[in-house]
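Take a look at the structures listed below.
Next, two complexes with subunit A in common: one pairs it with subunit B, the other with subunit C.
This part shows the complex of A and B:
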């Protein structure tokens, strides 16, 4: 367990670091404890170099070389019956050793097994696209490019998928601040009104604890708002809001609360 | 020719109403506020509920239109992302004047809980807003109340003068 530390203004920090924190490890077991996984691993090892393999939470994790990915997934799809690519993306290890870890989550419906194929690439290196094998990799690889800046070679449409095309920066990198960088903070103002409008429109108000003098408590209950700082006892007089002028409205009937019928059955 | 005899002076008064141009123009504007369907997130569900039979916006003359060129009020219901911000500005520019904007819910007002890089921190950074509705999400009653307050605001204007072009800057 980590010792408790006060977390004032956590959102303003880009990320949380604890020098002596060791992430808890999920226990691993050897591959030969599961016959299906053992035979799958033998089939992969016969053709490709496997750097590491183990079973974790009933799923086999296989580490391979980056240039083997297309061949390994093709072998798994055509010969080992892993016919679905559930998801694929990257993990940012740039702070640790300047690498990304790419993972592909494979599912076999007939064997009812899942295998995670993983490899490491250097920062700035591109990966091989598997879009020709699995159509689901089309958008996943675009998202990986959008969020991490990792390009996929031989992809038919290597563009951003979530952020706008003219966006700068890759938001899922650990170095990217949650509230956005300078470009993100002024994106809509720069695009619509131009840079000269920055002074007029002003910076974004992101202080969630900011108190305005017009703020009220219980604002979501109409007629029951009280000024900020009021001690709420529950027996305050409801504040009657009027939505019609005192003298009445031209050709609109004034609501008479006494003669109107109140329906209090919610199942009416 | 009416075959039956109508005694206006006795039954329902004379079919004549004396008023000013301001009042009758504002009456027309405020009681046929055609709203643009602008559901961006979960507030859109509450807006749809307000338009459906249980709360029934049609009683107020508020009919949802799918085109900015036919609508008078834009109800921005939901989270506005930065990717979408240029489109809301374009749609606002396509609405004919006079036009009004209701910012519905915390996300449209201030960005709400989405204190992130991808969310516009309030639609009033893009377009001028007439009415802010608090709540996450506001109930349909709140939206109806907001529309009635907007009607009150419209009635307070001088209709004879052309509406001053509202610009953010």
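This part shows the complex of A and C:
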């Protein structure tokens, strides 16, 4: 029987974890330990529902409702001086509870503070675009769509950005294998040569660590080279290649340590 | 293998070339030499003037975030080299700092000084490279040759330290792997003593050059609002009137102990960015002089530690591994299984030569990060071309791309 492999997360896993290992936590502190964050949180709480808030590694994390995001970021930009959206993206929790976690990394240059605004959405749900507030969200939301398949409502150009326009699948999902899926293996063959050439060319091998020691066409067998097409038996004679001819090559003279000058200081 | 016919046809994303409104669509790149990498720009032109620009990226996409989710933390370090390959130690450093913050590690002082030396050398290398390539795009061949000569000296120093010229992998999580070589400080001092004259040479060639001024002044003006809205950072933001430097505002390592200024300009055009880069080189030199002093003081005080002491996360020094059983066991586990940082998340921003380089790491207590997001400054500096190019003329495209200083290893990741 084949070993069961969970399909909802095909990423690399620790092959051994101690049964009694309890992972420590990055310490969290309450928001009222920092006066600036506390007042910011009060301002957000006055208008929107805040589900959870804490400070972790010098930055405040605020959990809100998905439908409030435009309002919260507008409030933060216009009233709380968080003028830059540094980064936004998603985290795939589909295997756990069929949700995505979306985070927005905000920066205030006058207060020198960073806040991470987060919320959860169901699989298949779209987010509200904040492109009208921050132009940087234009490309971030496109990247999020490309990588996770999460669409943004009211986005002016919801197209893939990094992957080819006709790609299938969203690469950063945990269900997507590192070396690509069936579609990825045939993508370039189909596109460049057509489906009928599949038998001749074969699927693309994206496992870069793969080394076929009998493949003398793609991998040089240093010291044991054979002419192309020769069958490799494994007991070939070692073949010594001399890289400089006895008399020397035209314009190239043999290095002679005694007569050459060694430069100690490259700046001379 | 049998010959198979190639049936690649050009694809132009629903752009009709036969238009009845006198508009021409020009496909710039992805192999254009002054696009500084695999940038493809689709430009809609009225005569010579651009009315719509559509940058297309992704030609260098290697899926680094996906790779990170499948690698142990130390394994990912050489991959970060391939982001901003002009200044790769700054990427190494950003990742190392993020993991250190996640774990809560304190790095020994000597390692901090070496890291700062490397970071500032990388900044100089990156700015020299920027100057060389931009000047070459504008047509100033002499500056290109001069700046590359100086960059070569710096690469020699780095090569002496870590053996590599471009992809350094010179920083480890928890410190640095090696002490600097004997000739490092001497070579650096020789270089730094020459640098002011070198910078002056470039400026003599460019500052009053009529062609340079015509291509740079009042071209590619980014307003403060636009820069903030598009998430611009680094020299792009500082040239648009915001004196925001993470080294100054949220100091990491020993940047709060060194004295330097943050050059900025409120003009926002190409020339302002050029001035900011030139002044930043002078500031980097200032920092490097102070780092040399700090290093010599470390040596005098006998601070020899290069890696943090944290047996759960960091391997012991080689001597301990070879002599002590427990250190050997720890090392074996850390190499085969990898360190397991605590459960939590962290976003750490550092000032790379291009701007704010951020690493967001979500750890679930396993040896692989659950989610790692790379915030590369060039990504948004490419995006801003959408709004920046319309209204400009075709020759301006080249000078604007030049001054945005984008590197595609970092845009596409």
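Operating definition for what follows: the second predicted complex is superposed on the first by the 180 of 268 C-alpha atoms of A that agree within 3 Å, B and C clash if a C-alpha of one lies under 4 Å from a C-alpha of the other, contacts with A are read in each partner's own complex, and residues count from 1 in each chain.
Heads up, the rule we're going with is that contacts are C-beta pairs under 8 Å (C-beta built on N, C-alpha and C of every residue); 3 or more make two chains touch, one makes a residue touch a chain.
Values in this document were obtained by computation on a predicted structure and should not be read as measured data.
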Partner chain(s) touched by A:65 [first = subunit B, second = subunit C, both, neither]: neither
Superposition-derived comparison: subunit B or subunit C, residues of subunit A touched: C
First (subunit B), second (subunit C), both or neither touched by A:163: both
Which of subunit B and subunit C A:184 touches, first, second, both or neither: first
First, second, both or neither for A:123, with subunit B first and subunit C second: neither
Touched partner set for A:105, first subunit B, second subunit C, both or neither: second
Touching partner for A:89 - first (subunit B), second (subunit C), both, neither: second
Touched partner set for A:201, first subunit B, second subunit C, both or neither: both
Which superposed partner A:172 touches (first subunit B, second subunit C, both, neither): second
First (subunit B), second (subunit C), both or neither touched by A:192: both
Common ground on subunit A, meaning residues reached by subunit C in one complex and by subunit B in the other: 11, 163-164, 171, 176, 178, 191-193, 197, 200-201
Touching residues (chain side subunit A, partner subunit B) in the complex: 11, 163-164, 171, 176-181, 184, 187-189, 191-193, 197, 200-201, 204-206, 208, 219-220, 222, 241, 243-245, 249-252
Contact set on subunit A toward subunit C in their complex: 11-17, 21, 23-28, 56-57, 59, 61, 83-87, 89, 91-92, 103, 105, 107, 109, 112, 114, 116, 134-136, 138-139, 147, 160-165, 171-172, 176, 178, 191-194, 197, 200-201, 265-267
Complex contacts: residues of subunit C adjacent to subunit A: 1-2, 4-8, 11, 13, 57-58, 61, 63, 65-67, 69-71, 101-102, 104, 153, 156, 187, 190-191, 194, 226, 228-231, 233, 242, 244, 249-250, 337-338, 340-349, 356, 358, 360, 362-368, 370-371, 373, 375, 379-380, 383-384, 386-387, 412-413
Subunit A-touching residues of subunit B, taken from the complex the two chains share: 17, 19, 23-24, 26-27, 31, 82-83, 85-86, 89, 110-111, 115-118, 120-122, 125-126, 134-136, 138, 141-142, 145, 148-149, 151-152, 155, 168-169
